[in-house]
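Read from first to last, the chains carry the letters A, B, C and D; within each, the first residue is number 1.
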Amino acid sequence: MAWTREDMARRAAQELRNGYYVNLGIGIPTLVANFIPDGVDVTLQSENGMLGMGPFPYEGEADPDLINAGKQTITELNRTSYFSSADSFAMIRGGHIDLSILGAMQVSEKGDLANWMIPGKMVKGMGGAMDLVAGVKKVVVIMDHNARDGSAKFIKECTLPLTGVNVVDMIISDVGVFLITDDGATLIELAPNISISDVQERTEANFKIDKQLL
Amino acid sequence: MAWTREDMARRAAQELRNGYYVNLGIGIPTLVANFIPDGVDVTLQSENGMLGMGPFPYEGEADPDLINAGKQTITELNRTSYFSSADSFAMIRGGHIDLSILGAMQVSEKGDLANWMIPGKMVKGMGGAMDLVAGVKKVVVIMDHNARDGSAKFIKECTLPLTGVNVVDMIISDVGVFLITDDGATLIELAPNISISDVQERTEANFKIDKQLL
Amino acid sequence: MNKVYNDAVASLNGILFNGMTIMAGGFGLCGIPENLIVALRDSGTTNITAISNNAGVDDFGLGLLLQTRQIKKMVSSYVGENKEFERQYLAEELELEFNPQGTLAERIRAGGAGIPGFYTKTGVGTLVAEGKEHKEFDSEVHIMETGLKADVSLVKAWKADTEGNLIFRKTGRNFNPMMATAGKITVAEVEELVEKGELDPDQIHTPGIFIQRIIVSKGLEKRIEQLTTRQKNSEGN
Amino acid sequence: MNKVYNDAVASLNGILFNGMTIMAGGFGLCGIPENLIVALRDSGTTNITAISNNAGVDDFGLGLLLQTRQIKKMVSSYVGENKEFERQYLAEELELEFNPQGTLAERIRAGGAGIPGFYTKTGVGTLVAEGKEHKEFDSEVHIMETGLKADVSLVKAWKADTEGNLIFRKTGRNFNPMMATAGKITVAEVEELVEKGELDPDQIHTPGIFIQRIIVSKGLEKRIEQLTTRQKNSEGN
């Protein structure tokens, strides 16, 4: 039984450490905020200029001057600070954010990431994704293991235009978890009732298998 | 009769225009603040991180957190803002300051400036002088026309290490005023009882003479 | 030096020309100079190069200038919210230069700070790096990006004093402070204008030196793009 | 994550080593981390490269570390106030790298912002340009300067909350905010520590992400280098 979106978000939340400053991308990564383990205190960064992002406001209390990078209304916390976009990306580019969790269209076995553009389709822009993957200390991708047409998304070389080269440190997909280091990719966890051969069938990238799974 | 320090400062103050943002160097340039013409409103920048520098504090009211770039205690005005050194020099380097008035050891006929270092003597450092002359829109030098040993300070080529190349727009010395443009230097004013030949005798640089003086 | 103008139209008088480069602050519809954008549209200025993180929505923000075809080129990081934008772009009626958001922010800061070029890791190995100078620092490849300036910058702040000292509010700050430094002329639209001395000098985000003209917003809409809320007594977000 | 330490000695425990690079905030004696400098001296750490706009005076600020010969090299813009500095430098016991003040400030900002190099007009044609890469932008020659980082940055703020959010006071701000971003570890010495939520989030100068350790100053001297005053009822300054 493959993992659900919530399962993937819960698994990603295990990568959080006490005191981390974290940037969560739009979509499934946003759900990670719902699964922060007890006793782990993290501060969420929103790249439009905020550290210490709080939950959605109560009905009737939304403030048009207070949105996240997904343009959703949010709230502040008692640790919050605001700053300009230049200062925000100085923080990101300068390596001060501990962890970024984001979605992907394709990831290569060397950790290349493609998540912003499909040639021939209308391009909306890369937003802050290229800055985040270039600057943040650890980059975790959450994605469906295969595209809707069944094709592999974890592949030898990305075919879509890249967001960054050699930037992904971990993939959490619906079938399991991969670590990517300079030595290549390693499958380190499996979703329930998913076998190693299931994963191999659905993956184009080369990967090793952690000995605990054998 | 050559100009005094106060005369030179008074003459420099005539270069101020209403609405100007101005940086005044240490020494005689500081005196310019005492001669701002009526109806001319200027804002003084202090490169350690302040716009809107006020006068010295009353006795007993000095604040150790409030100093100018000469490390003297000062006061704030109702227009004052504070910022970091990086923001201060972004303002300077970015061409936002209208006028800088500073001292000189030597100026060349092309507007090269030397004012920070005498080889063989202890070097104190250039501080913000190189940034000011590179970034500020108009640079006015106030200096004694000759060194204590009588040697010329306005010369063909500077012999001392430079602060900036082709940066000085005007020299106000005790004998008169020179404009420096891409076409070279021009003597445009004389101090009382100083003749053109007096100036020529005391100057090594080539300069033209404004037709109003002839 | 009076910097305060009666309204947006007056504040743009004499500084607009066809083919000019404009910067407009805001992230999405948050912290955009609403009145100034409408006045720019009504001025009829054409062939504008607009530097702005986003392109507004169809009927609001910079989208208003797309409707009237006054924009020739956009320099942005994300334009996903605008159908008319998509139509013009696919019909090749509009030029578009995408910048990574942090690179865009830094290029604008650099333009205002007298930094004509800088190196960044962002975009190395991607389409963004094509044609750009590459250089290694500490054995890591970086690309050179250049500073950006504008003929006129239009920014939105919360409060100003009559000197042009500005304070922004929450995430309405975004691109506004850098753009204020990168315009040859910067016009600030503010919600509240106070007298000199009423703002704490330690708390001014943008010193008045960067602001040449000021107006107070009239009839601000402050539209919310994605209203997301939670019920009282509910958990999570 | 508790960031608050009991005193300066405790706050430097485990992060100092011989040969390290330190940044210390302040302009002259204004806004310097007095307690942290004393604790660094008392640690006995040697062969320090110190990045600081000035070198203190003989018996105060970084001058304390010159007296004890713990500093191997200074990276500064102006060191005119210190006789012991002059003696060590002329005796070639001390290395010295002068940077134009704005270049120094920008190099530190760049170091914290992931910018390994940038171009500036400052210093072109002077000793400062020697050996540096030259490049033309808009037919003007610029030189490349590099980003600076430190093993430990010591900064002084006015107020902090327990998250490490900092507010500076008047011209005590100076180099402190950039240095806070450029240290692998940054220790902040503050005059007042408040609980989370007591600082206005729009008014925080340095977000807590940049601050790993915090102490409250004890027995601050805040020495004035040049006391200049005027008489009441007098004119001018």
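Going forward, contacts are C-beta pairs under 8 Å (C-beta built on N, C-alpha and C of every residue); 3 or more make two chains touch, one makes a residue touch a chain.
Computed from a predicted model, the values in this text were never measured in an experiment.
The interface holding more C-beta pairs in contact, when A-C is weighed against B-C, is A-C.
For subunit C, the chain whose average C-alpha position is most distant is B. Taking the mean of the C-alpha atoms as each chain's centre, subunit C and subunit D sit 33 Å apart. Rounded to a whole number, the gap between the C-alpha centres of subunit A and subunit C is 28 angstrom.
Note: centroid distance subunit B to subunit C, computed from Cα atoms, is 36 Å. The mean-CA centres of subunit A and subunit B are about 55 angstrom from one another, to the nearest whole unit. Residue numbers of subunit D whose C-beta contacts span two or more other chains: 106, 109, 113-115, 120-121, 168-170, 173, 201-202. Residues of subunit B in contact with at least two other chains: 76, 82-83, 90, 92-93, 135. Viewed as a contact network, the protein chains fit none of the simple shapes, being neither a path, a ring, a star nor fully connected. Pairs of chains in mutual contact: A-C, A-D, B-C, B-D, C-D.
Interface residues of subunit B facing subunit D in the complex, by the touch rule stated above, are 33-34, 46-50, 54-74, 76, 82-86, 88-90, 92-93, 112, 117, 122-131, 134-135, 161-165.
Here subunit C touches subunit A in the complex through residues 27-31, 53, 76-81, 86, 89-90, 98, 100-106, 108-109, 120-128, 158, 168-178, 205, 222-232, 236-237, going by the rule given at the top. Subunit A makes touch with subunit D in their complex at residues 18-19, 21, 41, 43, 45, 51-52, 76, 78-83, 89-97, 134-135. Contacts from subunit D toward subunit C in the complex involve residues 106, 110, 113-121, 135, 137-138, 140, 142, 146, 167-170, 173, 201-203.
Against subunit B, in their complex, subunit C makes its touches with residues 1, 109, 111-115, 161, 163, 165, 181, 196-197, 201-202, 204, 207-210.
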